[in-house]
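Look for chain A in each of the two complexes below; its partner is chain B in the first and chain C in the second.
Our next item is the complex of A and B:
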């Protein structure tokens, strides 16, 4: 009897043990586990204006398809759902920040929360609470709430590459200016600028006016500033030859500046008696009204020379083509590369690219201004070397499968 | 006098130039507010300058009418056009739509101003044709390259050109669209980027020249 009971007990234990040993792996395979959210942290988002908070927590095996994370935020009252996303998304590695400013950790979830979008009474520096919840069917897990206060940063470290480049340019700039030579600086001839004398001489001989358009840019745009520098030199020559100059304007502020520039040019040439206040005049602040008006004037007055230098858009062809039909010598220059083909085909000379910005220094023949042309040359040399070296390194790194080198190069040459 | 006319503007230019440049690197609310204030000031100055421009316009055209210069009749249209827009604007209290109906200002804006602007824009089509004709006269090797590139693009973009290409050069198994795509993505982009880089460097140097007071011609006085 005892033997029978012992046998029964032995087989019962054996059966139970086999069932248990079979059940353990089955539970890990089929029943999802909850992640450990004890590493959940919240901190001020770096390099922002103090309106965002960064929440992060470690990624783990629980990040399976079908699972989601819900991020909650609170200003003290109720919890608001700020984000909800699939568990296998949103990692620290996804942030578009350079390697010197950010750790691209693939094993860490990171979410940037823009607080003004969540709280109407948002204040920079105020503490907010955050928590994350994991949901995968019936399996849920929630982190303990953590607090963080967004604060404004004083420097955007992501733009360090840009700042370093700017500082190098400033150093080169001051070096070239301080070494400005009185004589002997070689400057490549720019046909379009050499033709200014020819154009003004022709206008003088024919007794016809010269039209100068500064385009439709505001005074704050660099091409317009460059255009006023060229206008100053053109006005000096016009004053010298006593030719008629007409400068129709799109922007009243540009007109006011140009009035001063032209008056000063006449004064420098000691021809203030020839200066008239209506050399510069306002036409319209509407693009096509301006083009129609200037076209009409060019068509009626048949100028001997037309200058279109500054910021131009669709009106470039409207102006240049009418000028071409009147037989005027035309010199153009714009920073809008989309308009350059129209100027190439309709004008006699076109200032391409940085020639527009070099023109003022080229014409003025002032050593200090001319020396700054060297900075442009150094800049171009730097770009050329960077493009060649960068391309070679990228090709080499791709061939040898060096992802780190690729990452470093792409981050250094990127604007953030 | 030199202090007011030269040194103060240069100092202001330097201070605001450096602050604006610095605001790019400072992601602070203060730098954002500073840029906002600058924009507001620019708008205020532009508003007053517009009045100045208006006076300049009237003065210039009034003189033309008074002196009866050639084409003085066109100057009359400046005043007529001004009144045509301004009187309805005052009577309509600056509103273009009154419910579902157009006000006088709205009618003028839609059926006069927009129509005239559209007409000017459409003139571009004719000018493009005449410009293309001028560009296609091969007078130099560069013009020859321009013509060749333009011809390939025209053939590639027009259905008739594509059919002709298939009939004549289809045996090469090189599609015209592939050539067009290569032209647009390789030589065109390379040229554009070259120009853009030059412009960017030139822009930076011009900006520095203005901030540090080396370029002063825009001030109109030395």
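Our next item is the complex of A and C:
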């Protein structure tokens, strides 16, 4: 009996002890613990123009729901709260930077601070102080202040894919130039450009002027540059046939460049005596004033041919429609896909985007320009191959669950 | 603004709108006057924009604050004006060279980024699905159609290859895709233009009220009267010329 009672007491004590020992860790689990913020660091944000600082610190078990981190910055006086976010957010892995330029670490908090938004007297190169504070109810922790100075970076490693692509294009360009000089290059027929002769011939026969508009683009825009090279060829033919050419301009810089281009064309055709300085003339730098004025001129002078080649926006239809009502033969070309439908409906020939860029090479037949066309074609082939293989690889990687392949492909074909 | 000025503004707005619309019938002195007024007002607007948004904040104020580095771009910009003086017009080439240089420098990386990488990434992105299953079949098919159309359109823009055989077929498909897009873009832009037209009609309706002394009606009637008189006088002139 006594033995039975002793056994019962022993097991009761044992059970109670085990219950107590199990309960102690459970109660300590609910008590929030402060994180160790000794790893807090601040440094210049890489690959930027010198306005941001990157603060980082290790993530830990204290990053529980309800807890927040507050990041503070100071230029020497008071501390300003720069960021506040839930503790289970903002990791180095969240940064949209490629794998070759950034370590996507999930065990590290990282925050990019744009300092001009915080300090009105911000200066690149000046040293600023930073600290981070952890708050979870009554549990708080604060890091020691650290200093960092933002500086501008000359090289953006994230754009390494751009650089590699550029280098490949340069190599291909030099190869095609030498190839074009040795063997010549084939260029397919472009109807819109073949019609230039027809338009100028018509104007010569009718004794009416030719209007050539380069659009409303600046000299730095590619379509305007392409347009000036077409203008050069048109001007050569105009000089040859002694026809009247009128080039109304929106941009004074484009006008000055076009003056040189037209003059050069007349010189090449040995017709400098026919060249007049008022072939190119400035109209207005206001889009619709330009359109209204050129419309009026076209309506009154009734040209035999109109060229609208370059960068056009809403004025495209206003110009082309009036040209069509006068019965002029019209050749248009722009890279603006939203304006192309209007040119299709109101012009006889339309150069679509890339055809505009091909015009210079097509008309002049110069090996150097023709080789640039070949380079463009190589570029298109590269894009096609990349799209086909990239899509196939992505599908395969999704099917076979290869996250690394997916990451590599999505990072390589991304513009940073 | 006083009531009188409001009414005056209404007459000017209605008048200029109707004068510009009169071009739809034929060229006339009212349209010419409005065209030149528009041209002048447009240039005036551009001039004040350049003065207050470029010259004063970016040249004048930095110079007054002692920042003489702004003189470098200013002198380069002013060099373009030498085009008007034939003896020193060669100076403008420095400005132009700089403009062409920085223009190319800006455009080349941007083109690589947008025309190549963004285009490829954008075409591949529909294939980045969580798993290949029935649920993702339609988005994948959509992505495949877009990718195929994209490749065919690129084939159309191949200039150094003769378009015959398979290349011709692919480029024809590319043209169909382009036309589909252009059709949609045309419809979209026409809708936008109509909304602008409604805006003008709305204003004309507003100015046709008694508050504006029937500005729209009066000006429209005057225009019609002018066209009727001009029609008969021009016919009379033509008849006299023929008789002579």
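Convention: the second predicted complex is superposed on the first by the 370 of 416 C-alpha atoms of A that agree within 3 Å, B and C clash if a C-alpha of one lies under 4 Å from a C-alpha of the other, contacts with A are read in each partner's own complex, and residues count from 1 in each chain.
Operating definition for what follows: a residue touches a chain if its C-beta (ideal position, glycine included) is under 8 Å from a C-beta of that chain, and two chains touch if they have at least 3 such contacts.
Computed from a predicted model, the values in this text were never measured in an experiment.
Undergrad: Looking at the overlay, does A:164 come into contact with chain B only (first), chain C only (second), both, or neither?
TA: Neither partner.
Undergrad: Given the touch rule stated above, what does A:93 touch, chain B (first), chain C (second), both, or neither?
TA: In the superposition, A:93 contacts neither chain B nor chain C.
Undergrad: Quick one: is A:256 in contact with chain B, with chain C, with both, or with neither? Answer first, second, both or neither.
TA: It touches chain B and chain C both.
Undergrad: In the superposed arrangement, which partner chain does A:187 touch: chain B (first), chain C (second), both, or neither?
TA: second
Undergrad: Report for A:272: first if it touches chain B alone, second if chain C alone, otherwise both or neither.
TA: Neither: A:272 stays clear of chain B and chain C.
Undergrad: Once the structures are superposed on A, label A:342 by its partner contacts, choosing first (chain B), second (chain C), both or neither.
TA: It touches chain B and chain C both.
Undergrad: If you stack the two complexes on chain A, which partner ends up touching A:414: first (chain B), second (chain C), both, or neither?
TA: In the superposition, A:414 touches chain C alone.
Undergrad: For A:283, select first, second, both or neither according to whether it touches chain B, chain C, the two together, or no partner.
TA: both
Undergrad: For A:126, is the partner it touches chain B (first), chain C (second), both, or none of the two (neither)?
TA: So A:126 meets neither chain B nor chain C here.
Undergrad: Looking at chain A, which of its residues have contacts with both chain B and chain C?
TA: Residues common to the chain A contacts of chain C and of chain B are 159, 162, 166, 169, 218-220, 222, 252-253, 256-257, 259, 283, 285-286, 288-289, 292, 296, 300, 314, 317, 337, 340, 342, 344-345, 352-354, 358, 376, 379-380, 383, listed in rising order.
Undergrad: Note which residues of chain C are touching chain A in the complex, please.
TA: 20, 23, 27, 31-32, 35, 38-39, 41-43, 45-46, 80, 83, 92, 96, 99-100, 102-104, 106-109, 111-121, 123-125, 127-132, 140, 143-144, 147, 150-151, 154-155, 157-163, 178, 181-183, 185-186, 188-189, 193
Undergrad: Over in the complex, which chain A residues touch chain C? Could you list them?
TA: Interface residues on the chain A side: 159, 161-162, 165-166, 169, 185-188, 190, 218-222, 252-253, 256-257, 259, 283-286, 288-290, 292-293, 295-296, 299-300, 314, 317, 337-338, 340-342, 344-345, 352-355, 358, 362, 373-374, 376-377, 379-380, 382-384, 386-388, 390-391, 394-395, 398-399, 406, 409-410, 413-416.
Undergrad: Per the contact definition, I'd like the list of chain B residues that touch chain A in the complex.
TA: It is residues 21, 24-30, 32, 42, 45-46, 49-54, 56-57, 59-60, 63, 70-71, 74, 116-117, 120-121, 123-124, 127-128, 130-132, 134-135, 192, 194-199, 201-210, 212, 214-215, 217-222 of chain B that touch chain A.
Undergrad: Applying the document's contact rule, which stretches of chain A touch chain B when the two form their complex?
TA: 47-50, 124, 152-156, 159, 162-163, 166, 169-170, 173, 177, 218-220, 222, 225-226, 228-229, 232, 249, 251-253, 255-257, 259-261, 263-264, 278, 280-283, 285-286, 288-289, 291-292, 296, 300, 314, 317-318, 321, 324, 335, 337, 340, 342, 344-346, 352-354, 356-358, 360, 364, 368-369, 372, 375-376, 379-380, 383
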